[in-house]
Each structure stands twice: as structure tokens, then as C-alpha cells.
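Each of the next two complexes has chain A plus one other chain: chain B in the first, chain C in the second.
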Partner chain A sequence: MPVYFLEIIVVSLGIIMLLVDAFVKLEDKRSIAWIGMLGLVVTFGLLFRVQWPESTESPFWNFYTTGDQMALYFKGIAILTTLVVLIMASDYSRIVVDQTAPPEKGAHPQSGLGEFFALPMFACAGLMLMASANHLVSIFVALETVTIAFYVMVAYLRRNVGSLEAGVKYLILGALSTGFLVYGFAWLYGMTGSMQLEEIKTALSGDNVNVIGSLFAFSLILVALAFKVGGAPFHFWIPDVYQGAPTPITAFLSVGSKAAGFIVLLRLIDPFLSSSELVGKIILAVTVIAVLTLIVGNLSALPQQNFKRLLAYSSVAHAGFLLMALACTPTASQAGEFLSPAKVIAFYLGAYLLMTLLAFLVMTTVRVQIPGEDLTSYKGLAKRSPFLAFAMIISMASLAGIPLTAGFFGKFFVFQLAVQQQQWFLLTVGLVGAGAGFYYYLKIAASMFLSEQDPKDDISAIPVGTLSRIAMIVLIALILIGGLNPALIIGLLS
Partner chain B sequence: MLEIIVFLPLIAALAIGLGAPARFSALGASIITLILSLVVAVQFNPNVEGSYQFESSRTFMDMVGFPTLSLAFGIDGISLVLLLLATLVMVAAVLVSPQENEIKGSSKLYYLSLLLIGGGAIGAFTSTDLFFLYAFHELALIPTFLMIGIFGHGENRVRTAWTITIYLGVGSLILLVGLIMAVFALGSATFAIADLIATAKNPETGIAASQQTWIFAFLLVGFGILVSLFPFHSWAAPAYAEAPAPVAMLHAGVLKKFGLYGLIRIAMPIVPEGMAALLNVLLVLLLGNIIYIGLVTIAQKKLDRMLGYSSVMHMGYVFLGLAAFNQLGVSGAVLLMFAHGVSIALLFALCGWIRKNYGTVSFEELGGIASQLPKLGLLFAFAAFASAGLPGFANFAAEVSVFFGAFQDTGESLGWLQWTTIIALWGVVISAVYMLRAFRNLFLGTPEKKMATPADMTMTARLPYFLLLATLIAVGFVPEILNQFIRPAVEGLFLVTAG
Partner chain C sequence: MTFLFYIFAALALVGGIGVVVNRNPVSAAFAMIVSFLGLAALFIQLDAYLVGVLQILVYAGAIMVLFIFIIMLLDVRVEENRRFPFFGALCTGGVAAAFAALLLVVLNRSEVGAATLPALAATEGPGSSDVHRIGELLFSQYWFPIQVVGILLLVATIGVVVLSKKELK
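Moving on, here comes the complex of A and B:
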């Protein structure tokens, strides 16, 4: 099966879901989500049956990479994320219905629900395309497909001021960053005369490179992508948008959007790194952003009391570790001896996906029962629902980077790259950040286990949906497997 | 065999999590591990130098561009002694734990955490793969946090839980960087400790001296935080004071030894020149442990804090043994790790009993317990004497060889090491002062009026205390029980160092 069929399947699924929503009378519109989940599971299976084309004569392959395991890996990340997001969304539908139900009588109370399940499918198709894009145009188209879907999803709870505010913020800042990106692309095209990444690479690794112009192009692109992945100082939208958006969408943003941003960054930075004149300055620029991101993300997470904001800053912090890996790119002579930053980043993102989605799954389940997303809402969770508390502990341990979880190996590989590249300053900042992480991740454990309970408090167990429970168990298992044998995950990359 | 010993507590913890009876499973698992580790000790052949026995290894991860990772276990004399310590203290800790219905909160969580802390320590001591050595130790981090935070006593227990967790978390991160630096400076193809050492001993592949200093600095700070080396000690005493007695026993008695074990096993053979370069720094720091913390210990007004500080203080002697850097000193250090572990566990267990039955451990509110409960008084006196290093107890034998070790290589004049030792000898006086003071305040004199008169322990309840005390006395009279294991292992350590 040709590889681009995957995107086609996902888009068609999205369209089918919209059509079903419009034309089929459903008692419970959550069955639309079922279509999506089923389709995504099938698509995920098809990932392993991809055939690469024999000839790449067709102009299509100028826009789309071929023979590229990394792209498949990131497509897998996109599909898995969307799958879990749909599971969460279907648990979360009660709140969506509350916030979107039409005021007039006689309307279907769930009339606003169908698109909530269909939109992630389009975002997913965009993410998958992005993983394979190797032309400035296809990168841009993919990025915008994703972003526009997100504009809608973030502001989805239309009777909720927070969600609307988040939507507006995301729209304005997103549009701004898109502007930067396009301007950077324009400069890049001007400098190299091509929009195809391979050709850009050839042009930049030549002798007469316009250093100033290329650096300017790179900084514009870096700014735009730092915005997407949440690199400081372009991270300001993250806490507000994360807090306001519906929880499943927050999860999608924090995993899907970040993964997509990094694959684009990896692809776009590659031509620049091949230029001997540029490489030093490029690394320096990334290092500066990485240091800022590590400091801002980790230290701002410390005082947070709202769980979503805490996870928002944690997502900034993890972007910092990922940028740190990127800043430790070995020179051409060392390459091949070690794990490449690209692989480390891919692994880290895989681990990040598992642990973040697990946290959000628990959070969604709790949120449906308990209003409010403050840390105090998790008071006594260990007594009420030991399983949820256990899942949360595993997720937090992994996010904090405690051994025998996937998150530990993520940090381990990053630190290892820093030691190899002798980036001592970056390493120190990373250490401080990881140390701070112990505090803010354990804060959640503390609120689940340590806080005193009022006798008045409800202590009945929180119901967990069957699908959510299965998803949690699978995620926990994967986190532990990734923590024991990361080679299994890294092996998917080659 | 070792795999069973390592995984039994962890499996039992899992079983408890899934609903097995908590105390029964914990007790069963810890007793079986103790018996199995005794069997290992009997079958262990002390005449084999330097290499591991009971080895097992499963390659776990073999990846291009990354050292091979194996789940490998094996013991030499040093790890055997620590394994015995861990299993012994774990049995005692489970035995002195409260019955399930006496635990406020989830008894499952209580026993599960105990097993994870103990199991983590056992795993760390028996792993021959650097990665798992590190990972097993970290297993105890979150259970300790929960145990102190939930089941601890005192109003500050949540704060204390934070302090110890962050402190140890950061310590292990620093340690991790040191270990990564060492492994990649060696360019080793595996994480197996034996391979790493062999590479480091080879003059062609060993690490350059300047780099060794850096790596040792990281390792010293990292391991030092875990052992509460001065000035990284401030987490220890409050944590031990406020932790439930079994956790204090396991942590102060067993888990803390991991840092020292790491220095012996990893830092000394791999970066010996780095250690030599920073030896004087270490000497100053260990004097901080012995003298400064010693004086702090004297000033304590509560038994639990006093014991906490005293356990910090005694770490100074172990460091002194390491600093001596010869067979006698290092063997003494290993023996002292064992002796101190058992004696502090015994003291914390007694402290826990006193707290439970009198409701306080403050020197001012208690007194004359010996007139109420003479047998308890005798038990405590033995424990205190052992800890202060009176002849006849294991601690004495160990401390003596540490001191002799420090003087062994004296040349014409006394060096820094010898002067440090001379000052450190005063620590013995200090510990006698605070131990006797504690004994007098608590046990001698007439009972305070407000004091309750609890029933004496039953014979079964005494079992864990006798177990620990008997070990101390037996090893004290016949140190050869353990020295026969330690000596060849330490010889092996230095044999490779020389070649």
C-alpha cells in the first residue's frame, strides 16, 4: 500500500464522520467517535504494511519523503495521540454538551458534539502529512491544516469564556507565528532558489553561502517553530490556551502539536547544519532557546496550583529538554558513533506521548466527576480510586524522569548527548530543571496521597470508562516497557 | 538465586497492590529472602578473589551507538555483606511494623512501600550492571516520600518528606551525570561494572587524570548526598526522626549505604586518581561529619533526632576508611557499614517502640524507664554501647580497623590523613557522650509523674530486637564471620588497582 494512502484514509474517516453526524439520526452521538477510533486502529495497523514506491519520478515525491522510517514513526505518534484523544473526548462529551447545547427547544441536545470528534481526525491527517513533508510548501500546508483545526477545537466550548479566550489568544499568536514562518520560507527561497529541502541542503552546503541572509531566514523559522513547540520566550500562549481549551484538546495540543513542531524543526534545521559556515551559529541559537526554555518552563511550573497550567509549563520544560538534545548535534565527524539527536528526540517524544496522555486521561476522568482542575481537586484520590492514583503516579514518575520509566531514558539520552558534546552549561541548566521537576510532579502525588480529607468530602470511587481503563493500562505498560528497554521503541526508527 | 532474592520483595509488593494480605505477604517475602541470602552466604566461596559469584546475566538492550544493557546480578564479598544487612534489617523492619489494623490509612500502601524500599536496596547491592545499580536505588524514592508524608509523625512530616525527596532526587541526578561522564569517557561497550573497571585499569583506555577529578567530584557529591556527607546532610536527621520506625531502619540502616557502596564499587576503581586529587577535600568533609555533626548530636533533646544525627555522624568513619585507601581501611569501612546498619536499625526500632508506648521520645518528658521495664533498658543499653563502639560489638571491630587502616601507610611524618584520624578519634568520645546521655535521660533516675506504665514486650515482639542484637554481638566477637568475605573482595579491588 502506498504510504500516502494513510493520510487519505484518515481524511476520509473525518469526512465520513461529518456526514454521519449530518445525515444519520443517532441517539447518542458518541458512536461517531467509535467510527474514528476503529478507523484509527486500522490505520495504525496499516502503518506496518507500507510499501515504498519503486520510482520517485513523479513530482509528488518532491513534496513527500520516501523510504523514511522516521516519518512513519511520527505518523504513528499522530495516530496514537488522536486515538487516545478520541477516547478522552468521548468521556468528556458530557461537559462538551453542557457548554455547547443549543438554547432552543426541540434541538438535539448533542447537536454540537459530532464535530468535536471529527476535527481531531483532520488535525491528525495534517500531523501525518507533516511527518513526511520535505518541501516548504507541503510543510506549510500541513502545518496550517493542523493549526486551523486546532483554532476551532480550542475554542470549542462556546459557552465557556475561558475556552473562547484561549481560542482568541491561540488564533492571534498562531497567525503571527505563521507569518514569521512564511517570511522565513521566503528568505530561504531567496537565498537558495529552491523550496525542496534536498535542494536547499545542496545549496547551503556549497561554498558561497550568504551567511547573514541564511541566518535571518533561520531565525525567523526558529521563532515560528519555537512558538509551535513552546520554546521560551515564545511560550506565553501555552498556559492560558492549555487551561482554557477542553481537556482532550489540551492533551492533543501538548503531544500532537509538539511532535509535529519537532519533526518540522528537525527537517528544516538539517540543511543549515550541513553548512560549515552556519552550523556553529545555528547551534548557538538553539542553545540559547534551549537554556531559556529549560529555565522558564521548569521554574514557572514550581508555583502552579492548577493542574492544567502545571502540565502546560511541564510541556514547556520538556520542549526545553528536546531543544537541548537538538543543541547537542554532533559534528559530521562524530556522527554515527552515537545515537543521533534526531533519534533521541523521536524517542523522547514517544515517551512524552505516553506519559502525558496518561496524565490527561486520568485528568479527564476525574474532571468529568469533579468540577475544577486545581490540584486540590485531586485531594484524597488515592483513597477514592487507587487505580487512578497509581496511573497518575506512574505518569508523574515518568515525567520527572525516575528510572525504570520511559521518561528516564528520555532524559538519560539527552544528558548523554550533552556530556558527549561537552555542553556543560546546558547540562547544568538541564540538571537544575530536572531537579525542579521532582518537586512539581510530586506535588500532584502529594495532593493525591498526603492531603487531609474533610469528613464531608465525597469519597465514592470515580467511575472509569472501559475504554479509558484499557487505554490507561496499555499506556502504563508501555511506559514501563520503554523504561526497561528503550531499544524497542528506538528500533522502530530504523 | 540472586534473581529470586531481588525480585521476591518486588513481586510481593505487586501482590499486595493487587490484594494479597499485606503483613503476611511482606513478612513471608522478607523472611524467605533472608533465608535465601543466608544460603547464598554459606555457599559463597570466599577464596575466589575479586570476581563475582552467583552470576546471572540477561542482555536487555543491544543498540547501535549505546552501551549494552544487561539485567545482571552477582555478588562478591562486599555486596554479600550488604545483602545480608539488607535482608536482615528488612525482616526486622517488617516485624516491628504495626499490625494492619493499627495503621492509620492504607496498610497495603505501608507494607508495599516497605518492600519497595528494601527490595530496591537489595537490587542495588546485587546488580553488576551500572544502570540497574542506579535504577534499583531510585525505586525507593517515591515510597519513601509517601511513607514519611502519610505515616510519619510530627507536624512537619509533609515538609520533611519533600526535603528528603528533592534532596535525594537532585543527588541522584548529579550522580547520574557523573556516571554518564565516566561511562562515556571510558567509551565502554557495556554497562557491566566489571567491564568498566577493566577498561579503566588499562592504561591505554583509562580516563585522563584531569577528567578523573571532575568525574570524581560529581560522583562524590552525588553519592555524598545519598550518604549525607557533610555539608549535604541536612535532609537526613529530620527525615529519620519523622519517618515511621521501619522506614528509618531501612533508610538509615540499609539504603544510605548505597552511596558508600557506590564509591567503593565504582568511584574508587574507575577514577582513583580523581579520588587522590580530591582526598583532602574529602578529609575536611568527613571531619565535618564526625566532629561538627557529633557536637550537633550532643545538643539534641529528642531521641529520634539524636539517632538521626548520630547516623549522619557515623558515616564520617566510613568515609575515613575509604580515604585510607588501603585494604585494612576499606575492609573496616565495609564492616562498619554492616555494623552501623544493624545497630542504627536496632536503635530506631527501640525508639519507635518507646514512641508508640509512651507517646513521646523527648528526653525531658521521659526518665527512669529502666525501673519500669528493666529488660528494655538492658536492650537499649546494649544497642547504645554497640553504636558508641564498645569492644565486643561489631562496631568496635570495624572502627578499629578503620583507624589502623588510616595509620598503616604512615611514613616518616604524619600526613593529612593521620592528622584527620587523630582528630576523628575524638568522635568516639563524642558518641559515647551522647549515647550515655540519652541512656541516662531516658532510662535512669525516677520515672516522670505523667509517664504511662506500658506493658513490657512479649517474647515474640522481642524477636526482631534480639535478632539484630545477636548479630551485632556475634560479629563483634568473631568479626571473621564477615571479614572472611570482605577481605578477599577488597584485596581483589586493590589487586586490580595495582595492575
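Moving on, here comes the complex of A and C:
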């Protein structure tokens, strides 16, 4: 099956879901989400049956990579994320119905829910396209498709001021960062005369490189992408937007958008790294951002009392570790000896997907029962719902990087790269950051197990939907498997 | 011809500043038209006639009319005077000045314009005007991004419908 069928299937699924929402009389609109979930499971299976084309003469292949295992891996990340987001969204639908406008007389009581399930599908198609884009134009249109879908989804809870505020903030800052990206692209085109990444690479690795102009193009692109992945000092939108957005969308933002941002960053940085005149300065710029991100993310997470805000800063901190891997790119002569930064980043993102989605699944389940997202809501959860508490512990342990979890190997590979490249300062900052991580992740665990619940409160077990339960069990299993045998995940990359 | 460039560039900038500074939404919208006109003139100076004309027809024309309609319908009042955010303005100004300085240095030292890019290859087909060439390119070389833009517009349409549903009292 040709590789681009994957995107076509996902887009068609989205359109089918919209049509079903409009024309089929459904008792419960959550069945629309099931169409999506089923379709995504099938699409995920089809990932393993992709055939690369024999001829790449059609203009299509100017925009789309071929024979690229990394792209497939990131497409898999996008599909899995969307699948879990749909599961969460269908649990979360009661809150969505509450917080959007009441339906008109005679309309379906759940009207407005169908689009909440369909929009992630389009965002997913955009993310998948970003993984394969190798032309500045296709990178841009894919990125914009994703971003516009996110603007809408973040502001989806129209009667919730927090959600609207988050939507407006994300819209304004997102537009600004898009401006930087396009300006950077314009400079890059001006410097190299091409928009195709391979041709740009040839142009930049030649002798006649306009150093200042190319560096300027790179710094503009870096600013825009640091915004997308949440690198300091361009991370200011993250806590507010994560807190205000509907919880499933927060999960989507923190995993899907970050993964796609990194694959684009990896693709765009590659031509610059091939130029011997530019490589040192490029690495320096990435190092500075990585150091700032590690410090800001980890230290700001320490005092947080709201769980979503804490996870927001944690996502900034993880972006720091990922940028750290990127800053440790080996020189051409050393390449091949070690795990390449691209593979380390891919592995880290895979692990990050598992643990973050697990945390958000637990959070959605708890949020549907208990209003509010403060850490105090999780007091005594271990007594109330041992399974949820166990899932949360696994997720937090993995986020902190405790051995036997996938998160441990993610950090381990990053630190290994830093040692090999003798980036001692970066390594120190990374270790301090990881240490701080232990404190704030385990603080949550402590509040679940150690603190007693108020006897007046409801202490009945929190109901967990069947699909959510299955998803949690699968994610826990994958985290542990990744922690015992990381080679399995790395094997997917080649 | 250089002085024309400076005039229109200044026009675009003044319009842009007007959008930010004006407290009255209608005046801000009109300042935006001024900015668009300046931009359109710049495009035309660069021989990008189609883009320039579209800038006037679509942006300064259609979109602005829609904009002003909405402002009038919504009856947006003049924004109330707030305390001038001194610290915020200082930070923003600082960042903007730093960026402008950076741009000046880069433009001075990077020898931009020393080499020119090759002209767009003439395409086959019935005409040789800008419209023909761009249309031909869009639907031959660039058909794939165009399809993706279609999805993008679909998403945007869904978004508008979802976010602007009628609120029942």
C-alpha cells in the first residue's frame, strides 16, 4: 500500500465522522468517536504494510519523503496519540456538553460533540504529513493545518472563560511564531534558491555559503520551532494554554504537537549541520536554548499546585532534554559510532508519549468525577481507586526517569550522548534538572499515598470506563516493556 | 525608483502602527487598509503584479469590508482607557529594537542581493501572463500542497461554525 494512503484514510475518516454527525440519527454521539478509534487502529496496522514507490517522478515526491522509516515512526506516534485522545475525549464528553452552548430546542442534547471528535482526526492527518514533509511549502501547510485545528480545539469549551482565554492566547502567539517561521523560510530560500530540503542541503554544504544570512534564517526558524515544542524563552504560553484547554486536548498538544515540532526541527536542522562553516554556531544556539529550557522547565515545575500546570512545565522540561540530545549532534567523522540524536529523540518521544498519555488518562478519569485539577484532588487516591493510583505512579516514575521504566532509558540515552560529546556543562544542567524532576513528580505520588483524605469527602471508587482501562493497561505494559528492553522500540526505527 | 520603495514601505509601516495604537476598532481597520495598500505597492514594485492586485482586491477590498461589517454589527465600543502598561511597553520595545538592530546588522554584513535567483521557468500552456503561470504552477507542480490547504480550510470552517454557534438565552 502506498504510504500516502495513510493520510488519505485519516482525512476520510474525519469527513465520514462529520457526515455521520450531520445525517445519522444517533442516540449517543459518542459512537462517532468509536468510528474514529476503529479507523485509527486499522490505520496503525497498515503502517506495517507500507510499500515505497518505485518511481518518484511525480511532483508529489518533491513534497513527501520516501523510504523513510523515521517518518513512519512519527506517523505511528501521531496515530497512537490521536487514538488515546479520542478515548479520553469520549470519557470527557459530559464536560464538553456542559461547557458548550446549550442546544436549540429540538436539537440533539449532545449537539456540538461530533466536531470535538472529528477535529483531532484532521490534526492527526496534519501531524502525519509533517512527519513526511521535505519541502518548505509542505512543512508549512501541514504545520498550519495542525495549528488551526488546535486553535479551535483549545477554545472548544465556549462557556468556560479559561478555555476561551487559552484559545486567544494560543492564537495570537501561534500567529506570531508562524510569522517568524515564514520569514525564516524566506531567508532560507533567498540564501539557497530552493525550497526542497535536499537541494537546500546541497546548497549549504557547498563552499559558497552566505554564513550570516544562513545563520539568521536558522535563528528565525529556531525561534518559531522552539515556540512549537515549548523551548525557553518561548514557552510562556504553555502553562496558561495547557491549563485552560480541555484535558484531552492538552494531552494532544503536549504529545502530538511536540513530536511533530521535533521531527520538523530534525529535518530543518539537518541541512545546516552539513555545512562545516555553520555547524559550530548552530550547535551553540541549540545548546543555549536547551540549557535555558532545562532550567526554566524544571525549576518552575517545583512550586506548582495545579496538576495541569505542573504537567505543562514538565513538558517544557522534557523539551529541554530533547533539545539537549539535539545539541549533542556528533560531527560527521563520529557519526555511526553511537546512537544518532535523531534516534535518541525518536525513542525519547515514544517513551514520552506513553507516560504523558497515561498521566492524562488518569487525570481525565478523575476530573470527570472531581471538579478541579489541584494536586489536593488526588489526596488519598490510593485508598479510593488503587488501580488509578498505580497507573499514576507508573507514569510519574517514568516521567521522573526511574529505572525499569521507558522514561529512564530516554534520559539515559540523552546523557550518554552528552558524555560522548563531552558537553559537560549541558550534562550538569541536565542532571540537576532530572534531580528536580524526582521531587515534583514524586510529590504527586506522595499526596496520593501518604496524605489522608478528608473523612467528609466521598470515598467511593472512581468509575473507570472500559476503553480507558484497556488503554491504561496497554500503556503501563508498554512503559515497563520499554524500560526492560529499549532495543524493541529502537528496532522500530530501522 | 528607490524613493518609491521608501514611500510605500513607510506607508505600510505607518498603517501597521496605526492598527496597534488606535483604540477605536473602526479606525484600526482603516489603518489596516492603508498598510495593505502600501504592501500591495511593494509587491507591484517587485513585478509580482498578481500578488499585488490580489492584495488590494482580496485583503483591502473583500476582507476589510467583512471586517468593518462585523465591527459595526457587533457595536464594538472604543476600548476604555487603561493604565499605560509601562513595563510591558518597555519589554516589547526592547525586543523590537533588538530585533531591528539585528536585522540591520545582518542586512549590512550578509551581502544580500549580491547574487540573484534564477527567474521562474516559463511554463507551457496558453498564456504567458502572471495569472497563467501561477495557475499552471499551482495545479501542476504544487497540486499536493493545494490539496492540503483544502483540508486546512475545511478545519477552519468547522472551527468557525463550532465557535460561533448561537447562544440561547
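A few remarks follow.
Note that the second predicted complex is superposed on the first by the 490 of 494 C-alpha atoms of A that agree within 3 Å, B and C clash if a C-alpha of one lies under 4 Å from a C-alpha of the other, contacts with A are read in each partner's own complex, and residues count from 1 in each chain.
As a working rule, a residue touches a chain if its C-beta (ideal position, glycine included) is under 8 Å from a C-beta of that chain, and two chains touch if they have at least 3 such contacts.
What you see is a predicted model; the values in this text were computed from it and never measured.
In the superposition on chain A, A:402 makes contact with chain B only, not with chain C. In the superposed model, A:112 makes contact with chain C only, not with chain B.
Contacts of A:484 after superposition: chain B is touched, whereas chain C is not reached. Once the two complexes are overlaid on the shared chain, A:158 sits against chain C while remaining clear of chain B. Contact residues on chain A toward chain C in their complex (touch as defined above): 11, 15, 18, 59-60, 62-64, 100-102, 104, 112, 115, 118-119, 122-123, 125-126, 129, 137-138, 141-142, 144-145, 148-149, 151-152, 155-156, 158, 190, 193, 210-213, 216. Residues of chain B that touch chain A in their complex: 17, 60-63, 65-66, 69, 106, 109, 134-135, 138-139, 141-142, 145-146, 149-150, 158, 161-162, 165-166, 169-170, 173-174, 176-177, 180-181, 184. On the side of chain C, the complex with chain A involves touching residues 102, 106, 109-112, 117-118, 140-145, 148-149, 151-152, 154-156, 158-159, 161-163, 165-168. Across the complex, chain B is touched by residues 336-340, 382-383, 386, 390, 393, 397, 400, 402-404, 408, 412, 415-416, 419-420, 427, 431, 434-435, 438-439, 442, 445-446, 449-450, 484-487, 490-491 of chain A.
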